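Please see the structure below; I have some questions.
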Amino acid sequence: MNQFIHESAQIGENVKVGIYAVIHADVTIGHDAEIGDHVIIFPGTVIGSKTKIGPHSVIGKQPGSNQRILRKAVAVPSLRIEEGVTVGACVVLYAGSVIHDGVFIGDHVSIREKVSVGSDSVVGRSVTIEIQTIIGERVLIQTGSYITGDTIIENDVFIGPMVSMSNDKYMGDRPYEMKGPHIQCGARVGNNATLLPGVRIGKNAIIGGGTVVTKDVPDDCVVVGNPQRSLPRKKGGE
Amino acid sequence: MNQFIHESAQIGENVKVGIYAVIHADVTIGHDAEIGDHVIIFPGTVIGSKTKIGPHSVIGKQPGSNQRILRKAVAVPSLRIEEGVTVGACVVLYAGSVIHDGVFIGDHVSIREKVSVGSDSVVGRSVTIEIQTIIGERVLIQTGSYITGDTIIENDVFIGPMVSMSNDKYMGDRPYEMKGPHIQCGARVGNNATLLPGVRIGKNAIIGGGTVVTKDVPDDCVVVGNPQRSLPRKKGGE
Amino acid sequence: MNQFIHESAQIGENVKVGIYAVIHADVTIGHDAEIGDHVIIFPGTVIGSKTKIGPHSVIGKQPGSNQRILRKAVAVPSLRIEEGVTVGACVVLYAGSVIHDGVFIGDHVSIREKVSVGSDSVVGRSVTIEIQTIIGERVLIQTGSYITGDTIIENDVFIGPMVSMSNDKYMGDRPYEMKGPHIQCGARVGNNATLLPGVRIGKNAIIGGGTVVTKDVPDDCVVVGNPQRSLPRKKGGE
């Protein structure tokens, strides 16, 4: 047989499992799910009904660490993926996170432990999401963006492509409570913007492409440049 | 047997197929091609002679979408890869695109549907190319760059590493005809430059590293900074 | 059997080899190593004891090239990974490099040939390291950064996320001896900074997030902005 399904795995009705897929112990898969060719699902992972996992993805991996990494990896509970989720190819999802109903995850994405991705959000291709980050509902994170650890992204936020964030003000030089950005409802962040640790981006604020955000941005404000400067917000848009 | 080759697949002479490779229905592979270990090739894909596909790549995948994605995925024709193409490891290529003769595609690349990559071009490692984009001949796209959808890149263009582009002026806030950059023959774009939606970069123009390009750049012009400013072009180069 | 282990491979005591793993000819694996599911290890690779290779990784690949690539690929010696190294999922490591003791390599990383990564360093997720680059000991390279070819990074350097570098001053337009940045001991580079070819960053210098570094930075100096400007270094830090 060209599949490996552990005898303790519970597979729902009408589930398709791809060629050379590996399903480890105690995995649960809901009805009408599709597991692609060469997918690997680690022990204990729970996958909801109608969810699709793309080829070559690695689902429910436990974290690791080395000497130089400050925050040591600890064992976490199994990954839970809810219903109607679509996961792309070559994706790596860690144990200890929850992916809510209807989320779309593009190819080459990596999501660490202790992360929550809210319903109907989109995580674009090659996006990386770090530990202990909360993403709201209907959030759109475009390709290649880097969501640092300890970040909060509220509902209906738009993050353009290749946006960068950080959560360590002293870059490992001294003790600091890691703090990622807090991006409030409806804010929009342009491509290749840089967000420094702990900045708050207000409701419906707009960050222009290439902006370096060094301090908080008030609600409804528009900022551009390096370092950021405010622009008047035109009536009716843009 | 440690390979899966569908009985309807047509495999040319002197083709090497790797261990645990999966070749689905109606795939055609030309003579002297090499298919790496663990490669997955989806139904109907056509692969030219002397083409090499690296290990763990996913070739000819159909697109998907969710509620939050504006442009819904539709089924597209099969992928066509021409002769003498080299594809790296862990690459994901979608159906509905054409990769022309002699192209080189690095590891971890992702290329969406309705894309054309011209002869002898290079797509560097971890580059992502979005839907409906046209890339000319002998183009060099360096590692980690993000080529947005609806982009035109003409012949002999150089795109440095980590360049970012966007195609949605209003970041999803209102209706807008998506328009990526149009980069004309021989232009060179420095590393980590940011190109805003719809900008035209003229023939042989030079964009310095880290520039934020907010408006069109004339032929032969040199621009740097955030926002861009023009520099005089020195005789004899630089 | 759902593994492929070539008869000439030498596997140490107490080694775990995952499902659908492929171990080619003349590979040597030290005792107590763990090779994940679906891992591919190319001929001649040497893996030290207690090293862990994550699922779907490609280890010891030989380089390739096409017409448009200036520096043609040549065959290189086998990859050597020393003891106690941790390699993530979907990683691609080339032949001709050395990964020293205790290094941690995140998921989706790609490291080219003729690279050395010093003991106890961390290469974050989706980082790409180009050809002929030397990385010191206890270096921390955060997620998504691009380390160009011909770069020197000394001991105890911190590279933030999404940092970009280049090594070709004329972007392929004329002959130039490729030269990447030289980053000296203890320097710290903020997220999404852009380093131009050949710049030297002095000992313990600090580069702010989003800075475009166009010229050398002296020891202990702090620079920010586009183009860079110097900031006074406050007593006691920040």
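Letters A, B and C mark the chains as written, and numbering starts fresh at 1 in each.
Here is the rule we go by: a residue touches a chain if its C-beta (ideal position, glycine included) is under 8 Å from a C-beta of that chain, and two chains touch if they have at least 3 such contacts.
Fair warning: this is a prediction, and the values are worked out from it, not measured in the lab.
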item: Residue-number overlap at the chain B/chain C interface, same or different (half cut); value: different
item: Cα superposition of chain A on its sequence copy chain B - rotation in ° rounded to nearest 5; value: 120
item: Euclidean distance of C-alpha centroids - chain B vs chain C, Å; value: 24
item: For chain A, residues contacting two or more additional chains; value: 20, 38, 56, 90, 108, 126, 144, 162, 192, 226
item: In the complex, chain C residues that touch chain A; value: 2, 18-20, 37-38, 52, 54-56, 86, 88-90, 102-104, 106-108, 120-122, 125-126, 138-140, 142-144, 158, 160-162, 188, 190-192, 206, 209-210, 224-226, 237-238
item: Chain A-facing residues of chain B, complex; value: 4, 20, 22, 38, 40, 56, 58, 61, 64-69, 90, 92, 108, 110, 126, 128, 130, 144, 146, 148, 162, 164-166, 169-174, 192, 194, 196, 212, 214, 226-227
